[in-house]
Structure formats: structure tokens, C-alpha cells
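Both complexes shown next keep chain A, but they swap its partner, so chain B is in the first and chain C is in the second.
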Partner chain A sequence: MIAAALRYDLPRDLDEALALLSQDPATTRLLGGGTWLVPELNRGVVNADRRVVDLRRAGLGEIRADGDVIHVGATCSYAALEASELIASRLPLLHAMAVGVTGGRQIRNQGTIGGSVAAARPQSDAPGALCALDAAAVIAGPGGTRRVAVVELLSGAMRTTLRRDEILVGFEIEQPGGGHGYHKLKRAAGSWPIATAAAILRLDGDGLIDRATLVLGGVCATPLVVPVADVMAGHRIDDDLIAAAAQCAADAVTEPWCDELATGRYRAAVARPVAHRALIAAQSAAIQQRRSQL
Partner chain B sequence: MSTETTIRVELTLDGVARTAEVPSGALLVEALREDFGTTGPKLGCATGDCGACTVRRDGEIVKSCLELAAGAQGCEIVTIEGLADGDELSPVQQAFWDEQAFQCGFCLSGMVFAAEDLLRSNPRPTDDEIRWAISGNLCRCTGYEAIVEAVRTAARRMAPPAG
Partner chain C sequence: MSATEVVDGKLYAGASVRRHDGDRYLRGRVAYTDDIVLPGMVHAVLVRSELAHARIVGVDADAAREQPGVLAVLSGAELARHAGPIPNAMDPVPVGGQPIALHCLPVDKVVYAGQPVAVVVAETRTAALAAAELVAVSLEALPVVLDAEAALADGAPLLYEEWGTNLLLSGTAGEGDYDAVAAASDHRIDGAITTGRSAPAPMEPRAYIADWDAREERMTWYGTTQAPHPLRHSLAGYLGLRERQIHVVAPPVGGSFGYKNFGHPEEYLVCLLSRLVERPVKFVEDRMSSLRYGAKDTRMTFQAAFDADGRVRAVSCALLANHGAAAATGAFGMAFAASLALPSGYALEAFHGEYRLAVTNKGPWSPMRPFGKETASLLMERVMDLVAERTGLDPADVRRRNWIPADRFPYATTTGLELDSGDYAGLLDKVLEVWDYPAARVEQTRAREDGRLLGIGFGFEVLPEGADIPGALIGASDISTVRMDPSGEVEVLTGVTSPGNGNDTAIMQIVADRLGVLMSEVRIVQGDTERCPFGFGNVSSRGILTGGGSAALAADDIAVKLRRVAGAMLEVDAERIVLHGGMAAVADEPERALPLGVVAHSLYTIGGILVPDLEPTLESTRTFQMRNVRHHPDEHGRIMPFSTFSNGLYVALVEVDPATGVIELQRHVMAHDCGVMINPRFVAGQFTGGVVTGLGAALDEEVVHDADGVQRTDVFKSYLLPRATDVPRFEMVHQVTPSPFTPLGTKGAGEGGVACSMAALLNAVNDALRPLGAQVDELPLTPERVLDAILEARA
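Our next item is the complex of A and B:
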């Protein structure tokens, strides 16, 4: 039972949600899916919260393509991402992330991609995958709409640069092409990830790498963008290059995240093999994708 | 801004239109048990880990400890109490009974919902698919083998003939 009396609102569009939020941003919490917010309220972590604005009927659950850009609404559940043919065909990395979210079908029905980013839990799957896709967050506030890269939105563990009077509306993602790999280390089927790695590799007409992206999730407080393009771009892909890129991941971990699931030392130690597995999967997918174009 | 300490929640519960006065800070599982008197969904962890509170809301299974009761306004909620047809158990319930797939019974309603949800979309699941489908539910008696067997049995009985 949430000890404080709560006022609950279910706005029917974004304008109504913004208006409700503007009444008292300091004591209002936005509900995206509730999988993190509701237990937090129940534990009484923040006693100042008196009002919940539930965004799930505010029309922010759309998935649509606009040319090369795919819009993913903030209140898209993992199940909606999983079921979307558009996501499966054009953003398969996001599909792979959503399919593997732990906690059972219930959590994939309830958890939302925007909620995950706003909660900014280091172990969550979605922030790292979105950073690998260079996703831009679309944010609405009293002064209008702004866009910021997801990687910049996430400022620390459980911290974002979202202001209290702003609402995360969704994400804009360009189809990256190439092939992806997603690898997740966790203790059991139902447990939180300890480390995730999202990789995207793309080959040009000569078979040389023209895009290389690797992002580690769960290893540091915020998703860690590993500068693998420095060692991979313009090169022909082979096992040595993949190994060198995985080593980059290990070298990039300077301040690992530590929690009840794993120590920082453990996370730093698993960074290389987790990255390696994602890169190997991306390598196969990129080669296959290029063959299909020849 | 005035905040009421109780709110009126109207919903359809196991096929019956119901109304109750509910504390405004109640979780859905608490309201179902305390205010609507339906004790099938259990309150276990209250963090979304154990799945014992699972219900079907508007056709989708959810963990009702992660939902505010206020958010269930106008929703159609089905609990374990709503699965049987009178005295006749649903095929999944019957399979759990026949395989003795419960010990203390605390996880049972969540397991049954997870199994029903799987078999709706995948009538012939592999063992791996069964285990993944119940991965959001914890059995504190660790009776997983019998639970997986029950889902296999239910699938066998419910599946349309091959070919």
C-alpha cells in the first residue's frame, strides 16, 4: 500500500498530460509502464510524490516510419515492439532487445521503452540498445519540443537531464543497415542483466567496414559507447579485428557499476567477452546482409 | 490540489461489473484482495519479480502489484477465480491438477496465467519455450518440473490435430 494519498490522472493526449504536470511538477510523477515507479512509490522512496500522471492513454504508443526515420512512442511496451513488423524488419536490434527483456510476458506487456529510459536504471536493456542506434529522444515541455541524443539524456545512474516539467514523448531512430548483435549476461532466465552489449557492423561495397558501433549496458552507470570505429572503420572484417574491438570495450571501462548483482570488478572483467559475443553475431549478420545485396 | 484518501473504482471482475471504494494509494492486487474480496491473486514480492499477483487485464497478463488500483478504472480484470466454467476447470487448470503441479499453491494463479498466455500464441511449445514463458514467475517450493509437465500436458490436450 502506498501510504500517501495519491491523485491519479489518465490524460487522453499530450497537451492534457503537460497541463496536468505543470500544475505541480515537484510532486508529480509520470507513469510510463509502472514497473519501476509503482514499487518505488510503494516503498515510500520519495514521500513528496502526491500525484501520478499515467501516460499510457496519451497517444504516445505509436510506431511509424517517416522515410528513413522510425518513430517509437515512449509508451510502447516491449510486447508492442516485439509484435511490430516494422521494428523487426528495420530495427532488428530493438526487436532483439525487446524479445529478451526479463520478468516474463507480464513485464513485456507492462514495461515501456520510454519508462525504461526515464528510470535510467544502469541494468536496463533499452537505454544501451537505443544508444547503439544513435536514437534521439523527443521531449515535450512548456516551451515546446526539443530533441536530444539518448546518450546525452542519461546523465547518471537513475538520473536524466529531463526536467520535472517535461515529458519524454518518444524516440527517432534512423535505420542503421548492416548487421547487429545483442548479447546479455544474466544469472538466470528471470534475473536482471549484469551486462549487455549491442553491436552494429556495416560493410561497404568493397567489403570494408563503414559503420562500427558498440555500446555496453549495465557495465557502467550509463551506457558506455566504445570507440570501436577507431580500430574497425575502413578495415576488412576478421577474427583479429573483432578481438581487438572487444579489447577496446574492456579498455573503455574505467568506472564500472556495482550493485547487489555483481561487483564493479566482475563487470569490468565480463566487458570483453560480452562485447566479443555481440560483435561476432554482428559480424555474421553484416556479412549475410551484404551477400543479400550482391 | 485536493487529494482524496479513497476513490471509487468500477471494473469488470471475472465477468461481473463491480464497484468498490479503494484507498487512493492501493496497488491493484491489494484492491482485488481487500476491497473486491478476490483472493486468487497473491501479494508476494510487490516488486514485479515473483508473478504471484498475475491477472489478465483487458486481454493481457500483467503483474497486479505493479499497477495502481486507480488505473484499473473501467478495465476488464480476470483472476484465477474467473478461469473455470462453474465446476469445470479450464484445460490448463485441469492439467496442473492432474500433474500435481503445485505444492503450497502460492504461485499457482500466476503460473496458470503464464501457461494460458503461452498456449494461446504457441499451441505446441518446446520445453525451452515453456521455461521462458514461466520465467517471470517464481515457485517458492521449487516445483518447476511438475509445472513444466503440466504445461506440456495442457498443450497436448488443447492442441489442434497435427497436419
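Our next item is the complex of A and C:
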């Protein structure tokens, strides 16, 4: 039960939402799906905030393609991502991420991709997957709209570079091509992820790697972009290369995240196998994708 | 049974009848305590300590009192002017423990983080929550001790200074000279096991309403309790009232597991508050609060002596349990029960167990099934597997060699228990019917050659149940009333309550059979001290044992009368009358029959003509008491406080991921023996729940604290209960070895599955790790602990 009385608004479009937010940005909390904010309000964790602006009716739930760029609205639920054919065919990594979100059907119906990024919890699935896709966050504020890479938006555990008077509107993602792999390690069906790995590998006409991306989620305070292109780009893919890339992931973990479900030591220890499994999956998907193009 | 086992021979007992009120649960039509709204009801919200150990300097409630809708804000010191300490559900003093005297809110110090220090009563829950934010509690921090060993070390900060120690209880169990037997044995092993702290975590947290009627001077209490009559007695003592001034109502609950027996401070607090504000007061616990109550958290070290043929001859062990803060719930009994449950169902020449129970600055222990007995299973099952490993024998064969043979029951154990009956090797045979064990070992060998870590583990349990504790309101007896009205409808009133497991339906099955009525003609009333006869509620797996047993006796009294009346009406000897299907019929002449409603009506109206010497009523109240318990100490000073000993044997097949330590449970085959099953569906339901509890404790459920004693696992996102997708399809078989001491042959079925699941998983994972030379001895077997063991073995 929410102890403190608060003002609740349900704006019908982005302008109205921005206007409501501008009235008192310091004490207003934005609600994307509410799976994080509402329990916090119930538990009294964020009762200092006296206003809630609910974005769910603000028209920010669209998924559409504009040429090579796919727009994903901030209030798209995981269920909407799962159901979208556009996402399944052009951003299958995002589809795979949404399908596996912890918490079951109720959370997937309620939780939103924008909410997940704005909450910036280290254990969440969405930030890492979006970083792997080089997604740009579209942010609206009093001065207009700006774009920033998701990887730059996430500045720390539970911290973003969003200003208090700004609203995360959605994401712009270019279809990466190639094949993807997504691997998640967690302790039980109800557990936050301990570590996730999102990999994208693309092969050129000669079968050499021309794009290699690997992002670890849950392992550090923010998604860890592993510089796998350094070891993979221009090479022919094989087991040794994948092992080297996975080792790269392990080497990249310097300050692992620690919480009540796993220590940083454990997260660092599983970085390599989790990365390896995502890369293996991405390898076979990339090979398959290339075959289908030949 | 003679009254009913004829005609077409169909009986309710033994059939998987569905719950008589299951549709109400499924459709959300059950009123739980929080659904009760009384006129003028107000709400209590607790202000909690942020520190784990601190002296209470002051509670400033002025700002909170000025909030709209606030009726009262009270500290422990203020409440102590109105009542003394709450009574203990079980007192540790008679078994050599420390005196526990807890006020419903602490008066001078807090001993765990999250402990309530003040209470706000307001018109709405929201107003109370808002006002609670404004209560300023001034605390003076004291050093915190969270570890049991550290708590018992010299110079440790004391939780209860008057004790002069943090040792709540200690003792020994067993007989025989371990050292002498060990010296004569071929080999010895030693080892250790640690269990993590788990929480009972029922779906519905605790909820209480007290309604003081100042004009009538009567208290009506509604809430989540397993034991309405014992609670009434306890409340009367606390409030200085007579029991007749208190009416306890226990609405349906969403799970108990021991947590909702009685002795929690808020049960008493709401009564005081209702008297003070003269309004009904409701308290509903939040999830965070319920997760602060825990169990297990025990370190066991052991030595075992055995011969080369796998015969285990003696075991010696030391148990150190972490109780957290003290509690009035009798939770300390879990350490005592653990020691008595050893050495499980194995025939040893000597057993010696020492146990120590320490208080620390964690939340209090709560009773939780299987009430400490998991300790006995874990320890003995680990011993059996280690002996198998050392001798090269198969773990199944080692168990066969050491089990108490089926022809030696009743069997007196080295801790003084008299096991009623059992066929432990029969359980193994049952398991092997379901599972091709030799083939599984072949598959395991093949998998190991591929670098895969498959493990097979056995877990066996014997559960002392049906407790009868001298000096406490926990008894292996109960009272039931059965009455038939002139329409032939039956009402059962019983002192046992249901934690939601369906024991009400099972008791109806027993009664319907004995009276020959349809179940639709029977209703049952539980959980109401004004309507039901005295009873001990649901505790220690005795609902069917004593509730069913006493209802059967009472129903038999009525059946005798019905047969006499029907005999008179049909002009045959009463012995020839058969009650079945709602009719009283002449045996072998089914056309000569009367509806039972007609027979009942006839007794009430013309009984004086039909059967002049018979009391013209159809009502009987009977007690059933288990006779195999013993409160007089034997020559070793031991009592025999348990009446049945259900047992089970599980086999788990796991695969461990060597890169991450993640465990996949692939198969879980279980054989149980709880004697005669009145309703196999409910038995399976109970065991399913027990198994999931055990798997949770074995794999993922763990309450953790930070160094300051603040609990880090306070939601189900961090306290990881297994979900449906976390467990494999259960393969469950039953063996029926009737108890010779119960009229229906039943044994307890409420605690099974937890201990043997934990033991099976621990053994299976260690079996999987064996090729690496790695070993884990700490539960839950989190991926991190497993990976640590693997990395350590490789290093």
C-alpha cells in the first residue's frame, strides 16, 4: 500500500507529459510499466516523491520501421516486443531478450523497455541487449529532442544521464544483420539475471567477420561492451576465435557488480562461459543467415 | 468399518475425493483475515528499527499523533504499563533453556533489524503508514553479532544481558559409547554440513484483528493461527481475562507451514490496542516482515565409524543452530527435535549428539516444517554416501545394510524414540520399480566420459510427528463432535484446523463412510473456539491422526444408534443394518431400506416408541488420544513425545554445469510411506509442497544479511522460491505401512518431502562433482558455491 498521498497524472500525449513533468521535475517520478516503481512506492522506498506521471497512455508504445531504422517506443511492453513480427524478423535479438524476461507473463505484459533502461538496474535484460544493438535513446525535454547512445545514457547502477525534466521517448535501432546469440544465467525462474551476454556476428561475402559485438549485462554496474571486434573482425570464425573472444569478455570485467544473489567474484567467473555460449549461438545464426543470402 | 464396507463396497476414505470447497478457493470466494471488515475497524502499522542491535533511547511520536486519523501511537515502554511479557507457546526452561520473556513491543532494546519498536493506530491503513513515517525512534547502536559461533565466543555482545550468555539451549542425545565402538570399527570418516537460513514464506502473510467489546468485556480475535484454542488460553493469560471472555476465530489461511501456530507479538498487540482505543484493530503483515522469520541456519559436524562391509556402527555429531532473536513461538524446539530425529531410521550401536542453539541479531526463528528434522536427514544421508564412497559400495546397498529391518518394529532408537513401524528397504524397492537405477549409473559413467557431470543422490527421512509435548498446548489428542440433525444432515465440529491442505475434506470422508451418508450431506466447522470443541489445531502433522480419529469415534457412536433405530423400523437386528449411500438397509436385502433422514427423524420424534432405552439424540463428542507417547522419563531421562513416524526415500538425478556451477534437476523420484492414506490426492499435494520447500532450501532459498545485520533478501526477487518451471515433473509412489497405534492406520503427512529432497540434492551434487575431486557441504547449493568448489578442486 502506498503510504504517502501523491498526485497521479495520466497524460494523453508527449507534450502533456512534458508539461506535467515540468511543473515539479524534482518530485515527479515517471511510470513506464510500473513493475519497479509501484512496488517501490508500496514498500515506501521512494515515498519522498509526491507525483507520478504515468506514460502508458502517452502514445509512446509504437514499433515501426523507417527505412533501415526501427523505432521502438519507450512504453513498449516485453509482450508487445515478443508479439511484433517486425522485431522478430529484423531485431531478433530484442525478441529473444523479451521472451526470456524474468517474472513471467504478468511482468512481460506490464514491464516496458524504456522503463527498464530508465531504471538502469544492473541486472535487467534490456539495457545490455540495446547496447549490443547500438541503440540510440530518443529523449524529449523542454528544449526539444536529443539522441544519445544507450551505452552513454547508462552512467551507473540505477543511474542515467537523463535529466529530471526529460522523458525517454524510445529507441532508434538499425537492423544489424548477421546472426545473434543471447545467453542468460540466472538462479531460478524468479531470479534477476546474474549475467547476460548479447552477441551479434556478421559475415561478409568471403565468410569473414565484418561485425562482431558482445555486450555483457548484469556483470558490471552498466552493460559491458566487450571489444571483441579487435580480435574477431576480418577473421574466419572458428572455435579458437570464439574462445579468444570469450576470454576477452572475461578480461574486460574489472569491477564486477555484487548483490544479494551473487558476488562480483562469481559474476566475473561466469563472464567467459556466458559470453562463449552467446557467441556460439551467434556463430551458427550468422552462418545460417549468410547461407540464406547466398 | 463394518458398518459401511458392504453393499457396493464404495468408500470415500482412500479415494482421491476433491476438496469440498475447492471451487471457492479457485474462484476467489474465500474470505481470508484481511477480507474481514468490522464496523469501526482501525489499522495498526508498526514502526521498525533500522538497526540490528540497539538500546532504545526514546520514541518521539508527537508529530505522528497530530496526523489526521491517528488514534494512538505507542512505544513498547508505554505498552508495558498495560501488560507483561507474552506467554511462550513452548517454554525452553523445562528442557534446560533460558527463560524467554518478550513484550509485544521491546521495552529497552532492539535485537534485530526490522524489529517493531512502536505502533501507530489510525482510521485507515494509509493514514497509519503515513504517520508511522513521522515517528522518530532514537536508538543507541550496540555491537552486532550474526554468526552463531561468534555469538557464543567470550566477549560477544549479549542480546539478553540477563542470561549472561547467548546460548538459548543446549543438550545431548543418544546412547552408547561412540569412542569404544569407533575404536572397534574398521574405518572412520568425518564431515560437516551447513544449512542456510530459509523463511516459511506462506502466500498470505500473518494478519490479525482484535475486537474488544467494552460493554460485554469480551474479546473477539480473528486471524491467521493454526491453534485457536491454545491461542485463546495464551491470550487470556496475557490479557488477564478468563478464556470464556475470548473468542478466537481462525478464517482460512493461505499457507502456514508452522509459521502461523501462535506466539507472535502482534497476536497480542492487537488485543491491547483494541482495548486501549476501544475499536476493532487490524494488523496485516507485509512481505518484508514475513521474510524476517526464518529457520534452519544450522552447522553440523559429524564423525562416523563403519566397517569395510558398509555397516555404520556409530555416529557422533555436534549441531550449532542460529536462532536469530528469541521468540515466544516455541521455535527453539526445532533444535531439540533435530537431536531426537537422529540417527534417523538407521540401526546404530552408538550415537552421540550435542546441540547448541544460539541467539543472534538476525530475525527470530519461526517454527517451519519439518521442524528441524531436516538436520537429521542431511547428516545421516551424507554419512551413508561418504561411507559408500570410502568402501566403494553402492550408496543404495549401504543404506540397505544399515536400515532398521522391517521386522524389528516397534524399534527403540538411540535417542529414545520408539519408531512405530516401517519398511525402509521396501521404499527403495518401490523407487527401483519406477527407475532403472543400474541403467542410470551406466548413463552417468558415459556422461562423465564426455566431461558431463551427472550425479545421483539418495535422500531418506524418518519424521517424528504427532507431537505431544509435556507442559505445552501441543498434544497428540483431539476432540471432535459429530451430530446428525432430524433431516439426516451431518455436522462435524473439530478441534483440528486446516492450513489449507484439505484435512477438513478428509475428515468429512471418514465421517461420511462411518455414517453411510453422502459427502454432500456433511459439513465441517473448524477454527472457532465458540463452536468447536477444544483442540490443538494443526501442528506436527496430526490433523487426520487425531481430528480424523476422534471424528471416527464420534461418528461410530451415531452409527450404532442409527442401526438400532433402523433395525426397529425394519424389524431386524441392528447388527444386520448396513449404512451406505444415504440409506439404512438390511444386509443382503437392499430393497428393505430407509433413507437415513427418515431414520434420524424417527429417533428424534418417536424414538421413545421405537427404541425406548436409547437417548433420542444424534450427537457425540469423543476424544482420540495417541497412546504410544510417553512423558515419564526413562532410565536415561528421555521422554517419547512423538506418536507416528512417516518416512520417505528420494532419488535425484542432477547435472552440474562445470563452467557456471548451475544445477539442473533432471529427475526426482520419490517413495513415501505415511501409512494409510485417507485421500491420496491430498497426500500427494502435501508432499508436492514439501518437496518444493526442500528443493528451494537445497538450491536457492537463502536469507542473507549485510554485515550490519540488515536483511538483504526481503522480496521474492531476492529470496528465491522455486517456481513451477524450476522443478521437474515429480515421480511419486506410495508405500502403505499402517501405524499399529492409530485406528485408521494413518501417520503424519504434513512434513514429508522437505528433508529427503534436501539430502538427495546434496548427495546428488556431490556425486556429480566426484570426478573433479570437489565437494560442497553448504546449502543452498547456489551456483556460486558449486563453482567455488569446482575451482578450488582445480586449483
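Structural remarks
Definition applied: the second predicted complex is superposed on the first by the 293 of 294 C-alpha atoms of A that agree within 3 Å, B and C clash if a C-alpha of one lies under 4 Å from a C-alpha of the other, contacts with A are read in each partner's own complex, and residues count from 1 in each chain.
Everything that follows uses one rule, which is that a residue touches a chain if its C-beta (ideal position, glycine included) is under 8 Å from a C-beta of that chain, and two chains touch if they have at least 3 such contacts.
Computed from a prediction, not measured in an experiment: that's the story for all the values here.
Judged by the touch definition given at the top, the superposed model places A:39 against both chain B and chain C.
Residue contacts after overlaying the shared chain place A:248 against neither chain B nor chain C.
Legend: residue contacts after superposition of the two complexes on their common chain; A:79 is shown touching chain B, with no touch to chain C.
Contacts of A:51 after superposition: chain B is touched, whereas chain C is not reached. Judged by the touch definition given at the top, the superposed model places A:279 against neither chain B nor chain C.
Once the two complexes are overlaid on the shared chain, A:23 sits against chain B while remaining clear of chain C. In the superposed model, A:4 lies in contact with both chain B and chain C. When the shared chain is aligned, chain B comes close enough to touch A:109, but chain C does not.
Once the two complexes are overlaid on the shared chain, A:185 sits against chain C while remaining clear of chain B. Of the residues of chain A, those at positions 1-5, 39, 104, 188-190 touch chain B in one of the two structures and chain C in the other. Across the interface of their complex, chain A is touched by residues 1, 3-5, 7, 23-27, 30, 46-49, 51, 54, 60-63, 65-68, 70-71, 73, 114, 117-118, 131-138 of chain B.
Only residues 125-126, 129-130, 132-133, 286, 288, 657, 659-660, 662, 699-700, 704, 712-713, 715-718, 720-726, 782-784, 787, 791 of chain C touch chain A when the two sit together in their complex. Looking at the complex, you find that chain A touches chain B at residues 1-8, 10, 23-24, 31, 33-35, 38-39, 41-42, 50-52, 54, 56, 79, 102-107, 109-110, 188-190.
On chain A, the positions that touch chain C within their shared complex are 1-5, 39, 43-44, 47, 104, 185, 187-192, 194, 259-263, 265-266, 269-270, 272-274, 276.
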